[in-house]
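Shared chain: chain A. Partners: chain B in the first complex, chain C in the second.
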Partner chain A sequence: MPSKSEIDLLSLAELHWHKMGQASLSGSLLELFRKLDARFQDFAKKYKPEEYFFPPFISASQMAKLDYFKSFPHLLTIPVTLDEEKDNLLEFAGAPLREDGSLQLGKVQAVKEVLTPAACYHFYDELEGSKFTSCKFFTTRCVCYRREKQYLPLQRQWAFSMREFVCIGSLEEVQNYLAEFEAALAVYFKEMEFPVNFEFATDPFFNPSANPKYLLQKLEPVKKEMIYDGKLSIGSLNFHRNFFGETFSLSHNDTPAYSACVAFGLERWIYMILNERGLDSNKWRI
Partner chain B sequence: MKSEAEFRSELRKWIVNKNGKIKAEDLKDDTAIIEQRIISSLQLMDLILELEKLSEEALDVEQLKPGVFKNIDSICHNFYKGESNA
Partner chain C sequence: MPSKSEIDLLSLAELHWHKMGQASLSGSLLELFRKLDARFQDFAKKYKPEEYFFPPFISASQMAKLDYFKSFPHLLTIPVTLDEEKDNLLEFAGAPLREDGSLQLGKVQAVKEVLTPAACYHFYDELEGSKFTSCKFFTTRCVCYRREKQYLPLQRQWAFSMREFVCIGSLEEVQNYLAEFEAALAVYFKEMEFPVNFEFATDPFFNPSANPKYLLQKLEPVKKEMIYDGKLSIGSLNFHRNFFGETFSLSHNDTPAYSACVAFGLERWIYMILNERGLDSNKWRI
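Then we have the complex of A and B:
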């Protein structure tokens, strides 16, 4: 039995839900998407973050440096291309689809990229080897891809939009950044009367009991989620220590840089607005 | 049973050796060993084994609370059981 909000969401003409876990938006919902993204950027305007546009693929070898494949193999989405051999292409073109709708791929080329599962990874890849002498702020919005067992419109999607704000600097600068961001968000949630609490969380590790990184996150929490209505994470504040600094040779005044990011899930925010403000777009105060 | 000073000293020596870069004099009792990544996630597992050795007691990982490995002070507070009267 679907929940009330699901029924309402699926009745919206401006939301087209694709059951493979993706949503198309148009009209007032697309406008809400853009206004929310502008609101997030407003939260961070005092830092004047430098904005980047990133492509959807990220190098597998860079992701391997993060132990991503060991920690989150279940979330991965991998772009695949066909082997260029003429007979292979002819065979595929002759019978591309099986009866169940899946592609009959035949021989495929070596895979060296993955679809990005989070927006901020691109920065560490892009900025690898940088030597900073002052605290730096960056932002981007990406479509991110995370394979899940099941999907729900706007709440749990295979492909979803994430706006991130990254800070790279000293330990103190990065910790102050997170504290300031959290304080500003807490004021905002209160003013808007959105029932959102900050809660420590761990990332969804594969086989967590066998992964020391999970234990470390549990014992020294570095991730705080913005939990809407006690159940849905609409964003998070993440302290990376100097992990990315060491892994990607990012330095701040000649020592491995510390970093942090604040992430907002656009579709989940839309879900919250619809739930809190109703379906009349005139009442979507954000 | 070790004295607290011996416990601290052996713990400090272990962390310095494991890290390989930090000097013993720079590792204070309140130096944040996880936050500053003096101890990595992999080394944390070894630290748990080392603490079992030092405290002569098996640790139940599931029962460990956030913050117990923050620094040498918090480790002593949580894992040093005091000198035995036996």
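Then we have the complex of A and C:
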């Protein structure tokens, strides 16, 4: 019997891998994707989170408030359009591609948006200025974009799907939320016999030693990852302190709100299920 | 009573309009989005279409085969990343934004992908080289990107959701499919009292008079739009002849396959429902 790590993902007819770091799913894999997403929502059902359907772009000036461009410029993907002056479009239309298949962009228009690198940023942007008087719970699933040096089917993609559950409230409420969620997940992983451990981690900062945010994460861990098989993060529990509350004037009983999110990477979960349960869809117990 | 066209969409708490031409949905509007998508799938259930979940990017060299860059360069959105050389990233990180909030991109990496402008292109790309011996039906919903000169909530967005149903088969099968679908939709629009007419249309070509594809569409109409209230296209029925079959070596019984697609714009349907039924979600009969 082959070891689990030798499973040939690309032999699956229902997984369509694109060299540009993204996957299409159909058939039983698409069904698994949906069942996993329903399972994640089941974990959070006691909080009755309000669901949002978000668009793909997020405002660059909002991301700048989070120091995102300083911390993660290497991960960024930006949606550009061509300068709409007719001669520029004619020039592009006449020779759109170089020999290697890359686009000859020419002049591009000023752009004020980025493709979102995480699902939960949308909430803080959208809810900016809100004054809450009770603990609030939200959820969304969206495609997130992170440029990497190399991609691997399901495990490391430029574009991937993330389901997030956000809690906004007092320090105590938010801490309880994370502790409860982690406890429920630990029970689940054990019951399913998935080899997943919780480990403190830091975000993949650019130029980390020069970034106070990185140093703070090292001193006071705020990110706990769900590490599958000792190597792949399939999700994370993130404590934001009152950073988003302060940055986006989100208050809870007149003080900057605390917040936290629990995030699940859909494609990575699919990878874990295939690796643990094999390629026969009848055995994909989750 | 205000005329239908005066409905104040932005008074809806569950519609979050972003200046960059995209909308977030929550609550009853998100429920309506899902019900509409289910309704569209109900229209097509007799074909038992195979569903795919596609990623956001599509290969530029595949789009070039369709002459897309010559025909629609003005609509295009391209996902760029920063050149990953450290000094370039440091420069960006130090001054990411201009005063007007636009990004100071600096050097960007070569890019071989675009953000898909329509849902169905993914199928022809994915199925390239397939040899079918019977008529095939597929469906997907995905976010599509088209740059416009200006945007209007739900009616005209940079990023919007499209559900498509594709048929690949013989000339006769594909023509029957389109005729059947149109007949079923006509019955539906009448039953629901939605003022929607089918009208022949041309795609919004760049520099149309110089483009043989535009001239061909004028001579032999292949695109029929569902026009709501005499002005807004909420969907279309498209006959591709054997163009995709020839371009992507898709055969049906050893000859280039014919294909057609029926497309529904989710946000525009929501606009129609709100405009026709009013803002009270209890009255959103679809």
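Going forward, the second predicted complex is superposed on the first by the 279 of 286 C-alpha atoms of A that agree within 3 Å, B and C clash if a C-alpha of one lies under 4 Å from a C-alpha of the other, contacts with A are read in each partner's own complex, and residues count from 1 in each chain.
Methods note: a residue touches a chain if its C-beta (ideal position, glycine included) is under 8 Å from a C-beta of that chain, and two chains touch if they have at least 3 such contacts.
Note that the structure is a prediction, hence the values are computed from the model and not measured.
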> After superposition on the shared chain, which partner residues are touched by A:96: those of chain B (first), chain C (second), both, or neither?
Replying inline: second
> Touch check for A:215: first (chain B), second (chain C), both, or neither?
Replying inline: first
> Which holds for A:243: it touches chain B only (first), chain C only (second), both, or neither?
Replying inline: first
>> Taking the superposition on A as described, I'd like to know which of chain B and chain C A:200 touches: first, second, both or neither.
In response: first
> After superposition on the shared chain, which partner residues are touched by A:52: those of chain B (first), chain C (second), both, or neither?
Replying inline: second
>> For A:171 in the superposed arrangement: first (chain B), second (chain C), both or neither?
In response: first
> Counting residues of chain A in contact, which comes out ahead: chain B or chain C?
Replying inline: C
> Touching chain B in the complex: which residues of chain A?
Replying inline: 171, 200, 212-213, 215-216, 218-221, 241-243, 246
>> Could you list, by residue number, the parts of chain B that touch chain A in their complex?
In response: 34-37, 41-42, 44-45, 61, 64-70
> Touching chain A in the complex: which residues of chain C?
Replying inline: 16, 18, 20, 22-27, 30, 33, 50-57, 59-61, 64, 69-70, 73-74, 76-82, 84, 86, 89-90, 92-94, 96-98, 100-103, 105, 108, 110-115, 122, 126, 143, 145, 147, 149, 157-159, 206-207
